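As structure tokens, here come the structures.
Here come two complexes built around subunit A, the first alongside subunit B, the second alongside subunit C.
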Partner chain A sequence: MKALLICPNERTGVAALAECVPLANVSILGKTLVEYWLEHLAGLGAQEVVVLAADRPDEVRAGIGDGARWGLRVIVKSDKRERTLEEARTRHQASDHTSWLPAPNDVTLMDNLPGLPQLPLFTSYADWFAVAQALMPHAWTPDRIGVRELKPGVWVGLNAHIATGAELIAPCWIGERAWIEAGATIGPSAVLEREVFIARGAEVSHSIIGPETLVGQFTEIRNSIAWGSTLVNWQRDSCLKVPDSFLLCSREPRRARPVPASTPAPVQAPVSGTASFLEYVSQLLT
Partner chain B sequence: MNINQQNGTLSVTGLRELNAANAQAFRTALARALSQDLKAIEIDLSQTQAVDGAGLGALVALYETAKEHRKREGFAIRLTNPTPTVQQMIELARLHHLFEITQPGSTPDGALPPISLT
Partner chain C sequence: MNTHILNPYSEQFGHFAIARSTLERQCLTWGVLWRRWLLRWRVRSDAMIKRAGDIAGSIAFLIFFSPLYLVLALLVKLEDRGPVFFSQTRTGRFGKKFQMYKFRSMRLDAEAEFEKLLAQNQHADGVTFKMKNDPRITHVGKWLRRFSLDELPQFVNVLQGNMSLVGPRPPTPREVMRYTLPDRRRLAVKPGLTCFWQVGGRSNIDFTGQVKLDVQYIESAGFWVDIKILLRTVRAVVVGTGAS
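This part shows the complex of A and B:
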């Protein structure tokens, strides 16, 4: 049986984060949105899934491969724009009379996690944060190799490093290969995705830190979503590109949403300032 | 940037940016303007569109320079009306624990109400 997945393209409620990553590739507690859906469709008996991607289809394709991980055949098709459910059915099912999953599972717009239609992901940053918090106690499933519950409400992924002297306050989720230095405080209500680096003395609470993000020494991230150098306060809905890499940055150069050829390339501001005042502030506060 | 002193309050207004381009000038100007009879310092950030690490460092330097003033009862250093992004930078560097931040319409921080999956 076959199924269609439609990747969300632009969502004004989370525009700044959609600049960082195609929304289908957004990581939520260690799995991307499209991975959750492929897993779900495989469980429903699908054997082939067509993924329609208007935004950075190459990145979506690179993230999921050929689908063999789920026992599926997955084809990612580039589309000019996001299709409605009916458009997708008309374009892809009308000419293909092979067996499809029964509606509504034959075509899905990935605006929420499977089984959670009441919790939209991309209407606002606050909604995104709320979904991650709601999912946290249920995300430790048997297929999560290497994840362990270090103490009640504290889940730690494979090969995560937590230095002696770091404090973990439940509930919190530490993604695989995350690195937490001494003196850092994580939680409550914190999610660190894979390969996050939390430097000495930093504090993260009521927040999500996106994959491969470096949080600088003695900084404080609260009520926020940090994704590379993008920092969004989900409570106030304000968004900032942090100009200094010693405060917040991506560990890897990230591929941005393609810009039209006529748009001049942005000038990269030089790193300015030093981190020494942060240590001074930390000493004042202790 | 304008610096005025009135009724014991040193007011800084018209600050369009506080970053590597003007952080040193800001530090120097404020250090010169600190007089013994000051009761408060107010830095109006309502027009400030950009702050970077150098700018945050300049604020911390002001805090340190005014340490004798801070020993006096009632003395305060206030950052008033920061734009949302400037407030994010201030909070990222934890300066909101050092300075009084006045923000019209601000609400206390808090977590979202829990959502049940069942």
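This part shows the complex of A and C:
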């Protein structure tokens, strides 16, 4: 049985999410969007899946491999632009007479998560946040390794390190190998992806912290999506780059891709003399 | 990194980290670098230590026991003049296939006879295959299996990087085809020579029990757990429990 997945190419509503990785590879509660879909299709009995990627197909391919992880054969094809369902059906399905999955699942545009069709992912940052919140109670599936529910509504991933003085307020999700220092407050409605570092005294509430992000001492993040040094307020749709790496930064700063020219430039935070000096020093040192 | 001072206006503004001199600013910046280094080390150290241990352990074992390898190879060769080693396709990490080496313990026509014997499978769930008094096993093979000596060439697999010293046993592709999604969790780490269930009941555990133990291993994995399993494996091999 065969199936086709179409990766979302450009979504102006959530341009900052696509900054570092293509949208199909953005992690949400520890798994990427394309991983959720491949798992879903494998559960439906698919054996071969074709993924059409217009945005950075090499990275999508690197994230999936050959699909042996799910017992699938996955082929990632690069495409000039994002195809609609009809286009994809005529181009790829009509000429291919092998058996395909029955109708709604044969060709899928990955604009939502499997099982949550009523919640669009990429229309705005608020929607992205809403999906993460809706997914949290259902994300602890039996195929996850090492997720524990510390207390009702607090899920912690494998090898996470939580200091005894840290406060966890339900609901919150703490990803694999996250590190939370004493005195930090996580939650309510906080999602920390894998390998997040929360320094002491920091507070995270109603927010998503992207993978490999360091949140500095006494930094308070509310109603935001933070990833690397990018900070997005999902309530007001405003986006800024935090220039001070002791407030918010990425673990691997050099890997972050510069913002493509097509997306509007992020608003620069007002920079004081001290901060710009520190940025200069940190650039010298890293 | 004790450079932060609580702000006197904390009631109003919350807490801040304040740097009041060049030195304190430097300390804040170095603090970020230290945290980055800590995270990087945390992410990579486990895999690095395990791989280093695998390489060192397998090289040491191969050199130290090379006379034993020669004797065993000679015995297998002398019995029926067939090949010494037997390689089989197994499934590694994330479903990647590789060739696993063993000393040959079955007759040359063993694979052909396999389909006939499937009906006599002892494992009721049908995912794995095991039977007592398999007629395909040679006399030398019986003794090799009794003391798990047929597994010794797998140290070469460890050196190649397909396997690790400690980890879930690598399943055959035929078994993996029947795996459910939760069963696939045991493919999340490199397969190994020994794991919890070899140390415990060995072949006498059913498939769901195996998966449960494998996942338990993946969740608890660490340097000392590996050492403990290796030591208990040595004991189990010497005593020879459960392999028959």
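What we mean here is this: the second predicted complex is superposed on the first by the 252 of 286 C-alpha atoms of A that agree within 3 Å, B and C clash if a C-alpha of one lies under 4 Å from a C-alpha of the other, contacts with A are read in each partner's own complex, and residues count from 1 in each chain.
Basically, a contact is a pair of C-beta atoms (placed from the backbone, for glycine too) under 8 Å apart; a residue touches a chain by one contact, two chains touch by 3 or more.
Note that the coordinates shown come from a computational prediction; the quantities given were computed from them, not determined experimentally.
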In the superposed arrangement, does A:126 touch subunit B (first), subunit C (second), both or neither?
-> first
What is the contact status of A:61 with respect to subunit B (first) and subunit C (second): first, second, both, or neither?
-> neither
Would you check which partner chain A:199 touches, where first means subunit B only, second means subunit C only, and both and neither mean what they say?
-> second
Applying the touch criterion given at the start, work out whether A:246 contacts subunit B, subunit C, both or neither, answering first, second, both or neither.
-> both
Return first, second, both or neither, reflecting whether A:77 touches subunit B, subunit C, both chains, or no partner chain.
-> neither
Does the superposition put A:214 against subunit B (first), subunit C (second), both, or neither?
-> second
Thinking of the overlay built on chain A, is A:142 touched by subunit B (first), by subunit C (second), by both, or by neither?
-> second
Does subunit B (first) or subunit C (second) touch A:89, or do both, or does neither?
-> neither
Of the two partner chains, subunit B (first) and subunit C (second), which one does A:116 touch, if any: first, second, both, or neither?
-> first
Common interface positions of subunit A, toward subunit B and toward subunit C | 218, 220, 246, 274, 277-278, 281-282, 285
What part of subunit C is in contact with subunit A in the complex they form?
-> 4, 14-17, 19, 25-26, 28-33, 35-36, 38-40, 42-43, 91, 94-97, 176-177, 179, 181-182, 184-185, 187-188, 215, 218-219
Would you tell me which residues of subunit B are touching subunit A in their complex?
-> 19-20, 23, 50, 52-57, 60-61, 64, 84-85, 87-89, 91-95, 97-98, 109-112, 114-117
For subunit A, which residues are in contact with subunit B within the complex?
-> 116, 119, 126, 129-131, 133-135, 138, 188-189, 206, 218-224, 231, 233, 235-236, 238-240, 242-244, 246-248, 270, 272-278, 280-282, 284-285
Note which residues of subunit A are touching subunit C in the complex, please.
-> 39, 42-43, 65, 68-71, 142-146, 158, 161, 177, 179, 195, 197, 199, 201, 212, 214, 216-218, 220, 245-246, 249, 251-252, 274, 277-278, 281-282, 285-286
